[in-house]
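Two complexes are shown next, each including subunit A; its partner changes from subunit B in the first to subunit C in the second.
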Partner chain A sequence: MIRHTGLTQSLLLLLFVLCLMTLMLASLFIGTYDLTLASVFENEQASMVMLLSRVPRTLAVVIAGGVLGLIGGLSQVVLNNRFAEPTTIGTAQGVAIGLLGTHILWPESPLYVHTLVASGFGLLSLFGFFSIIRQLKLNDPMLLPLIGLIYSAILGAIATFIAFEFDLMQFLMVWLNGDFSTVISGRYELIWGAAAIAVLVYWLANQLNLLNLGEQTGRALGVPFRTLVFIAMIMIALSTSMVVATVGMISFLGLVVPNIVRYYLGDNLKQSLPWSALIGACLLLGCDMLGRYLSNPFELPASLVFGVLGGCFFIWVLYKGEPNV
Partner chain B sequence: MNVSVFISLVSLCFLFSNAAQALTVSTFRGEVSFPQTPQTVVAFPAGVIDTLDALGVLVQGVPENLFLDYVDTQKAQTVGTLFTADIEKIHKMSPDLVIIGERSALQYEALTDVAPVIDLSIPRGNTFQESLKRMHSLAKLFDKEDKAKEIENRLYELRDQAKQWINPDESVMVVMLMGRALNVLSSQTRIDWFQEELGMNLEASDVKSLNEVAPISYEYILSKNPDWLIVMDRDASVGRSAKDLSKEYMDTPLIHATKAWQKNQIIYLNGVGTLNSVGGVQGIKHTLEELIKTFSVRINGQS
Partner chain C sequence: MSKHALTMIIAIWIVSSLLFLLLGSGGDLDFVWRFRVNKWLALNFVGVSVALATFLFQTVSQSRVLTPAIMGLDSVFLLFNVLLIGILGGAEYAKISGSIKFFLQVVLMMLFAVAVFGLLVRRFSMDISRLLLIGIALGLLIQSLVEFFARLITPEDFSLFQGIAFAQFNRVQTELLGVVAGVLLFVILMLWRIYPAIDIYRLGRNSAINLGIPYIKMTTNLLMLVAILVSASTALVGPIFFFGLLITAIVFALFPTARSGSFMIMAAFIGAISLVGGQAIFEHVLGLASTLSVVIEFIGGLVFFMLLLKSRKSN
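On to the complex of A and B.
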């Protein structure tokens, strides 16, 4: 494991925080409506656009990117596998089934009810996945993501089937493809719940770190292993459903980002989680800005841009080989 | 390419063999002839079912989840979905004619083995005129030409009425709500006839690359600031959503700042006629009636 010294690391962190700040500032001035710094202060309509559209959108992207990066990192520790993230272990698909179900059965109920039911389904799908892998002796770390992908595909197929039967395919697409184009004040606030959970995860990071010990060692040392796993699962399911219900899923962000971070920083959650959140937020914001810029005055979903660029970025990081510090 | 050549050859053969009493119908894939008026008919496109209903032709087979509240399809059997027809069921029915088009057009190959199929997809450009053309083809085939003439006259009458209210100097933006996303419909989409036939000055019409949907943000609507805003909820139009959300989605300060909102010129249009029943004459009629009603109320209420 290669580790940076404390000083370079804090400098780097500062650099990335500055990078995120710059991106956020730039994001406030990219969009269809013509905005300049001066007009925001002089023109009433411009300031409204800034406050009701640009600021919420920027925050929503940063929160979604940060939360997904962080939750990916957490899932990887909980499952003790580098390839786990909500879309590869079926959580996002479970959430989608839940959202479809509430949409069909109780279409009139408010969004938070949909989200809570959906997170229940997300949790169920996580339990299902755990009970499957518990039955199996996994000697090869590659087996878990394979099972996860099969499991996700099955849940995804169920979701597709339901959506197809009720002609809700467009809805399913909307949930599984994250898009921030209609994020405005009053339509996205639920995602702050996911942000709160992310803070909670960071607060519990030292405890959650114990999951790295593995079940047997952990329990031998008196760690309430199952309780910790359970808490982590609830947090994963809740935050995934909040993100999916408000802006839609960004596949693989939670896979790519924590792996890049781990590559440099190792497995300590207290150390790696802020980085996962930071890089996730930077990447997603960059993608959303690019989507806004490229097809101006129309929109390109952030998930699409991320799918292309995030993949390339990941391959580039892998290709670069060993970090030389 | 090959397919269309083949089909035109086949239809040519038909032409020669039944030249005496053949009923020739022009379809999306060339002309097709029938020896006599078909008795058992299966139709997939909502627009065709709509038009046949208007002409008084009974359809025996319709797709599942058809959402046309104004057409009674109780007696018809369901024969699969728009994308996967129930081939066995259709085979059992042995219909004289299966009509496909638009979204169901891809099933052409699969269905040709079980029954005579025609593709009545509507070409883009002016959906209003193309719908009338399609109605006349169907009327000819089912011997309902008098009824068709009557419907045509009524539609032209309504069109002229609607046209009176439309000021070509005022811009109109048509927004479609789909899931959580907002999309602008340009004159390259199924509402092309709003511009071609009714003379609306549609927003985003200069954009060539747009065909089906162009996702937009609220800012887009505000920055284009149209005089009129027509909003449709796609999911409610195809019967997949309990309530029409378009009003709720437009109720935000960003839209309140537009000319359309301030002049009370937002029209919440039922999208069944344009988004679901594409090219159906009853759908067009309802759309025209709704437009006439709202335009006249808004304009009269103002002056």
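On to the complex of A and C.
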């Protein structure tokens, strides 16, 4: 592990914030409709495109990237495994089943009800996963993601089956493949809720850090271990369902980002979480812009661009063979 | 495995074949000949090639939960086709004859299987769970790549590609039957020659080398056979992910001590029976032509999960 002194770290932080700002600024001007700074102020249509589409889109990408990076980091501490994140342990798929359910049984209910029910399902799938791995007493860190991916695949198959029967495949595809081309003002605001939870996670970071002690040591030292795990799970489920319901899931983001951050900064959440959020936002924004650029005038979903890059990263980490996780 | 079991299994195969060919045909043999025989052949070929491919792959990887499809070999087929469509354009692609595409595909899949699987299996033979995880990640990555390139081609080309990507048991590509039959015959002859060596190979790397098996060469050969077999089945019906696992799990449950020769014969027959019999029931009795693949994949997925959990609990 490479530890940086306080000064270099602040400088690096400043550099990355600047990088994110530059990307955000560039993101405002990339897209099918050509915008220039002057036209935004002079042309009414141009300013409308800017305010209704480009600004919300850029914000949504930054929030989604930040939240997923941070939630990935949290999941890895909760499950004590560096390969855990909402798509590799079935949470996102559970959320999708919940969204399908409310869509079929109670389509008129407001969006926040859909999201709350979906978080309930996300929480259920988390509990299911917990009870499976608790029974197995895993001693090999590779097994958790392995079982998690298959668990996700089975939940995903159930979701596909329901969606197929009720002719909702298109909805399911939208939820499971994160895409920001549909984000417009008035239809994405729920994602700010996920941002609020992310802030809450950061605020609780010192308490959540205690999860690193492990259950036995933690409880012996008087840490309310189960309560902490439960709170963390609720926050994971809620923010996952808000992201999935508004912009869709981005696989591997929560896996890649926290692992890079941890390599440099270690396990202290208070220190690593802001970095996970920052780097997650930068990476996802970069992927989204790449997707807009590559097949102009069409678009590639950001999740697809990230899926290719993140998949390569995942395989590389596994192949290189970290000694012990 | 006793002679008795073999007779039984052949009898079941004949019965399910007759059911598939004759059920609901009203005894009109001309109809059967024109519409059903090709499909029957194709289902048999797919069943046999998937069964053998899975068995050989499990032999090489020394694991009972891995299949070539789980490790992304079926998706390589899609990647190859989407790239070909993207480079040539849909019109040119459609002009190339099926058998030329098939042979190109076989060569590509062989290269991929030997280069990637050979490397991974050799490097991680001590660490099966890591191997499995890399395999699944590789499969996911190749699927993302397929989707990535599918988005870059024109909408007309995309619909052409979709026809290939979602080929099913009731829409087999019958034009390739002759070529696939030849290829299958070749593989079966090869296996006939080397099957005693496979038993020794299954003892594990060190014992096999001690007993005079050229281990690396044989690994390469077996992986090439796997690639040929997977090419054959994907060319006929497109990718099927958990079917092979289902067959080997059934055979292993029925005949836990079978040697590789009899194991392969049983697996081949059970593969053929589940497709022919299953399709007979789903298509002619239930009238649900497209659901067999869904049902097989779902059961196969559950079996995969259970195998994994069981292997954990016994440790």
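The rule is simple: the second predicted complex is superposed on the first by the 309 of 325 C-alpha atoms of A that agree within 3 Å, B and C clash if a C-alpha of one lies under 4 Å from a C-alpha of the other, contacts with A are read in each partner's own complex, and residues count from 1 in each chain.
The definition used in the following text is that a residue touches a chain if its C-beta (ideal position, glycine included) is under 8 Å from a C-beta of that chain, and two chains touch if they have at least 3 such contacts.
None of these values were measured; they are calculated from a predicted model.
In the overlay built on the shared chain, the residue A:F298 is in contact with subunit B and with subunit C.
Residue contacts after overlaying the shared chain place A:C312 against subunit C, while subunit B stays out of touching range. Of the two partner chains placed by the overlay, neither subunit B nor subunit C lies in contact with A:L228.
When the two structures are aligned on the shared chain, A:A84 is found in touch with neither subunit B nor subunit C.
In the superposed model, A:I154 makes contact with subunit C only, not with subunit B. Contacts of A:L146 after superposition: subunit C is touched, whereas subunit B is not reached.
When the two structures are aligned on the shared chain, A:L283 is found in touch with neither subunit B nor subunit C. Note: residues 298, 300 of subunit A belong to the subunit B contact set and to the subunit C contact set alike, using the contact criterion stated above.
Per the touch definition, subunit A reaches subunit C in the complex via residues 83, 132, 136, 138, 140, 142-143, 145-147, 149-151, 153-154, 157, 161, 251, 294-295, 298, 300, 304-305, 307-308, 311-312, 314-315, 318-319, 321. Across the complex, subunit A is touched by residues 65, 81, 178-182, 184, 210, 214-220, 222-224, 234-235, 238-243, 249, 252-254, 257 of subunit B.
Of all residues in subunit A, those touching subunit B in their complex are 31-34, 45, 48-49, 52-53, 107-108, 164, 166-168, 170-171, 173-175, 179, 181-182, 184-187, 248, 297-301. Taken in their complex, subunit C has these residues touching subunit A: 123, 127, 129-130, 132-134, 136-138, 140-141, 144-145, 147-148, 151-152, 294, 297-298, 301-302, 304-305, 308-309, 312-313.
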